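Both of the next two complexes hold subunit A, though its partner changes from subunit B to subunit C.
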Partner chain A sequence: MMHISGRKRKNLEMRKNWPGYLLIAPAIIAVLALNIYPLFRGIALSFTNYNLVRPNSPIFNTFAGLSNYQRIFTDEKFLLSIGNTFKWTAVNLVAQLVIAMLLALALNKRLRARSFFRTMSLVPWAVPHSIAAMTFTFLFNANVGIINILAVRFGLLSESISWLGNTGTAFWCVAFVAIWKGIPFQMIFILAALQNISGEIYESAEVDGATRWQQFWRITLPIIKEPLAIATILNLIGIVSCFNTIWLMTEGGPLYSTEIIYTYAYRQGFIVHDLGTASASSMVLFVIMMLISAVYLRLSRGDKEGQA
Partner chain B sequence: MNKIASKRDRANIVAYCFVILMTFIALSPFIYVVLTALKHPEQIYNAAEIIPSYITFDNFKNVLFHSRFLRYFANSVFITLVTMSISLVLAIMAAYGLTRYRIFGADTLKLTVLMTRMFPGILLCLPFYIIMRSLGLIDSYVGLIAMYCSFTLPFAIWNLCATFAQMPWELEEAALIDGCNRFTSFFRVIIHVAKPGIMVTALFSFMSNWDEYMYAMIFINTTDKKTLQVGMKDFIGQYSTDWGLLMAAVSLSLIPVFIFFAVVQKHLVTGLSAGAIKG
Partner chain C sequence: MKKNLALLLILALLSTLFCFGAGAEGLTGEIVISVGSDWVDESKAQGKSFMDAVRAYEEANPGVKVTAQGASQQDIKESFQTAALAGGGPDVVIMDNSGHAIDLAAMGLLLPLNQFISDDELEATYQPGPLNSGKFEGVYYSVPWYLDCCGLYCNTDYLEACGLSIPETWEDLDNCLKVLKENGYGGIITYKSAYAFYSFFYQNECPVIDTSGEMPEVVIDNEAGTEAWNFICKLITEDNGLVESFKEATSWDKVYESFANGEATFLLGGDWCKSGINDVGTSVNYAITDMVMGKTRATVLGGWTWNINVNTKYPELAYDFCRYMSSPETYDILKATGKHSAQTSWDVPSGLSEENQDLVVLGEQFPYTMARPSIINEKTIDEIITNAILTVVYGQANAEDSLAAMAAELRANIAANYDI
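Our next item is the complex of A and B:
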């Protein structure tokens, strides 16, 4: 009885809510076709022999077992790219987080021309990655780059350096550009969170004799903890897949010193033309990102419970 | 009154210095880009001419009239606007449906959509290559726009769901009492209240499409079909040492971004925080 009445109720609900289903149908179909289906094709591809250089080979497009994964985990370049990915992520994340936090705190003060400064500090975010990469490639250029021109002129360097051509400097130059471009995104989230804190809390803290430093650690940080964590994780996903900046500045070189998993997967797929190993390496990246997003989901759910 | 303000200014002197420094770091590359674009070739290599003593508009003329720049530009505008419109229309419909009707499994659907934001672009790119090849959609805008929707649509749905969920039901009830039906109440009331969220969603969609480089590089082969970001790379190959020309192209390519940004940025903090943080 319960079962039937439950179903009846569901039927009734369906009849009342049918316009809703109609409205969501196109978007859901699009997400299924454009995200979910390719995802499963991609997973399958990582277990398939799919080397486009040898399309007539008898094993082309056959089940490969774990051999693609075996191949990448025995490839020194891939292992190097995993190390680079962690180094890249750590450097970017720490620098962006610290600078964005300071900038948001400064922009949250009652400064003159605050909205001008706020808009201007968002400029790097608005500039396309490829344009930023080309601009900085020009600035770092050994012959015409202003960094070399100024450094030589003021005697900091005896002669021009090929910043992007040396294994010692290329990584840091590319990271600098990614940090420059990434700060505003992180900053705007922190600023939005800071604006929700009322000034009265600080006033009463000041009455109680709390120093600025204590106010930050005891009041500001605990309040913005949750949005900060969510923004950081979103930012992290952007950092891990920061392909354009790296590819346009160094193409992963010199000597793979700027190769991260993302560029490795691209190289395997569209330069080596082995889609099997490319998929396997992008799956490794996917697993890392899924772990990150699991944390993200738990945080945003915690946030919801807090609101309710 | 003035005394208090100037006292506050003195207290904030560190903040001022830091903010001015960051603004300088943010803007100076582009000031130098524009300066370079205004130089003759021989000035670019001359350390004494960092700020040019005489300027030329030849680079801009050459980019506009003697290169494919405008063609690439038009291609990018077309792809960006079409993708943005498709994602916005589908996402507004879906967000309205998900928040204003009782949908079976709505939370699961929203979570699934959110998860797709975590897919690295390269992961979908590889199977897309095989799928598009079997559909004959390589080197076609239909294929490219479909793939662009794969990353703009999930964000748009997610952000607009959050926007619509925050709007009180009473708004619609009032409109219904005033004689609107659901359809007219949507177009007369909801869409105006949801404007900041819709604008920010549009901004993100615009930026991520205008910005996109990898898919366009892989899937578009015909020169005349290239998007601006990919076409710019051609500039480097085509005129391997003409930095003035490239910098003129860079300056021009930033104009639409800044216009769009200027229009939308006042909604940014409200629209974005609503969607992404409170999810």
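Our next item is the complex of A and C:
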């Protein structure tokens, strides 16, 4: 047998696979230009004095150390936005997960017009964020919104209220829209996983006397745990970065009651024009997302090892 | 032969270069302008008259091409800023005169006008308010186009039902709101911003932020400012003066809806509100009048300006186009839309069409119309004042505490943007 050195093998592989590399090159370049470069630029900016409206300042574009971080962590609005981000994430994640699971379980049954219901349940996903935000803003309108009109007509409210204009209701209204919009994404993953479970397993369980709850808890959930974890992580990223819905409906208001880190970063960047603090707050968001993703991945890996 | 051919080629090259050079002097080139979507929508009178004026300019200047791009009015500044920071963007952009030009000038994204026209000429041509709204560090950056000011739209049906007349002073307004509240009618609707509320400070001779010195100085909490703030808070708390829709009025559409549907008796807004209210389709009878009077007559300035991108390849052409669009040659656009030119030569009554004569009353306020403070990050200043109003609306703070907190936040914001 002829011996080929490692370097030669690499060269041969490279020569053999170059059309493949060529084909994926545009995607790699796009990822580098649109994801990797902005990420590193963002990290660099978070340690830089970069107030766009002060380009002539002697400290403009100089190393700022941790001062941008210091400034955002002493800003009440940023601290509030961290709290809101966690609240927003928890509410959305739990609600979307529970409703999507229930919907998926229902749509996995042999129902009449199941295809129709499956298609209908995907509609919110197909609606663009901006359209959904505008539509619900109109529905919640204090003057002409159908929600107020019905609530007043049926005696639930004595007079119309501004759902998006009050600090007590704005958060929940925007969260409702995000939940409505996010459920199909989670549901489709769960439904796909459920369809891979053989009916025979449930039949055997039934023969052994397992209740519906036991079947769900002992069979369904362990089997779909992995795809569920992946779907949840992906969903989580979508939830935390749900900028459009919030900005279009409330612009983070009233009185920052719907301000999450993302909207805070946008405000710092495009209204206050301070890219240093905007990048610092984005980095905080980035770290939070990394941590959550790491925890989930570790959990799912741990389960795999346990199963092995 | 070869030599002759080479000579001929060189001559041809030189003549081409000469032609291009002469063209730049004689205004040739292609510019892109960014304007609100309504200005390019030719299915309506506003867009038709605007695009007719653009075409007329192209015809008068052969070799010039103007491409008009429609943009969302709310995001026009952000879109321009992002593109200009990246070294591109439209050559010319129109912008609200609420401080956008100051921010962009501070970032070095706008061309100063002093390279095209002297300050004296500018001051002789345009009204001081709109002109000063684009002045940064003593240099003019914006060519004023049209101006407007905040006026009072009154639901006359409600006023008559309550036996009230149109309010003319602070006391009248206070009394009207009390009587309206007793009779179950709503009070005031306006855009959820500081815009209309500036008028009350100006009426009490408080400029909110004094920009006459070297550094901006917050004066909102001086004696006059405190009085004005207390009056605003009184309207909100005692008179229940702001209707529920104010809390969510993040667009003017919501303001029109509230007034047109009879939720509010008064609307604080400019001339553009008339078409907005009528477009909603209202059965409400209303009158347009000037703002109430405090210690003095005053109201807040609005309007739009033309601005030139620092990245433009055709600065002369860009400026000439801005000059043309804000000149008497294009008054038809303003007539068609009921707007007032920022030119000093503009005659308010004759400048408006027959059906817009009811807007003359707003134009008559121009002599005492004041611009919002020309400072960096005016939008943040606006946000701070709006939030202070909201804390009073939600009952989270009283007049005194909200004023103190607002003044402190305003000072901190200015300190962050100026070398104080």
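By definition in this document, the second predicted complex is superposed on the first by the 289 of 308 C-alpha atoms of A that agree within 3 Å, B and C clash if a C-alpha of one lies under 4 Å from a C-alpha of the other, contacts with A are read in each partner's own complex, and residues count from 1 in each chain.
Criterion: a contact is a pair of C-beta atoms (placed from the backbone, for glycine too) under 8 Å apart; a residue touches a chain by one contact, two chains touch by 3 or more.
What you see is a predicted model; the values in this text were computed from it and never measured.
K.L.:
Superpose on subunit A as described above, then tell me if subunit B and subunit C fit or clash.
P.N.:
Overlaying the two structures gives a clash between subunit B and subunit C.
K.L.:
When the two structures are overlaid on chain A, which partner does A:F270 contact: first (subunit B), second (subunit C), both, or neither?
P.N.:
The answer is both, since A:F270 touches subunit B and subunit C.
K.L.:
Contacts for A:V94 in the overlay, against subunit B (first) and subunit C (second): which applies, first, second, both or neither?
P.N.:
A:V94: touches no partner chain.
K.L.:
In the superposed arrangement, does A:P26 touch subunit B (first), subunit C (second), both or neither?
P.N.:
It touches subunit B, and subunit C stays clear.
K.L.:
Scan A:L79 for contacts with subunit B and subunit C and give back first, second, both or neither.
P.N.:
Neither partner.
K.L.:
Going by the contact rule set out at the top, does A:V144 touch subunit B (first), subunit C (second), both, or neither?
P.N.:
In the superposed model, A:V144 contacts both subunit B and subunit C.
K.L.:
Does subunit B (first) or subunit C (second) touch A:L157, or do both, or does neither?
P.N.:
neither
K.L.:
Compare subunit B and subunit C by how many residues of subunit A each one touches, and report the one with more.
P.N.:
B
K.L.:
Touch test for A:L111: subunit B only (first), subunit C only (second), both, or neither?
P.N.:
first
K.L.:
With the two structures fitted on A, what stretch of subunit B runs into subunit C, 186-194, 222-230 or 258-266?
P.N.:
Comparing the options 186-194, 222-230 or 258-266, the clashing one for subunit B against subunit C is 222-230.
K.L.:
Show me the subunit A residues, by the header's touch rule, that subunit B contacts in one structure and subunit C contacts in the other.
P.N.:
Looking at subunit A, the two contact sets intersect at 141, 143-144, 270.
K.L.:
Considering only the defined contacts, which subunit B positions touch subunit A in the complex?
P.N.:
Listed in rising order, the residues are 8-9, 12, 14-16, 18-20, 22-23, 25-27, 29-30, 32-33, 36, 44-45, 47, 50, 90-91, 93-94, 96-98, 100-104, 109, 111-131, 146-147, 149-150, 153-154, 157, 182, 207, 210-211, 213-214, 218, 229, 232-233, 236, 243, 246-247, 250, 253-254, 257-258, 261-262, 265, 268-269, 272-273, 276-279.
K.L.:
Inside the complex, what are the residues of subunit C that reach subunit A?
P.N.:
78, 81, 85, 103, 106-108, 192, 244-250, 254, 257-258, 261, 263, 376-377, 379-380, 383, 387, 390-391, 394, 396, 416-417, 419
K.L.:
Quick check on the complex: what are the subunit A residues that touch subunit C?
P.N.:
51-55, 57, 140-144, 159-167, 250-251, 253-255, 270-274
K.L.:
Provide the residue numbers of subunit A that touch subunit B in the complex, in ascending order.
P.N.:
Contact set of subunit A toward subunit B: 10, 13-14, 17, 19-24, 26-28, 30-31, 34-36, 38-39, 41-42, 45, 50, 99, 102-103, 105-107, 109-112, 117, 119-124, 126-132, 134-136, 138-139, 141, 143-144, 146, 149-150, 152-153, 180, 183-184, 188-189, 191-193, 195, 227, 230-231, 234, 237, 240-241, 243-244, 247-248, 262, 265-266, 269-270, 275, 278-279, 282-283, 285-286, 289-290, 292-293, 296-297, 300, 303-304, 307.
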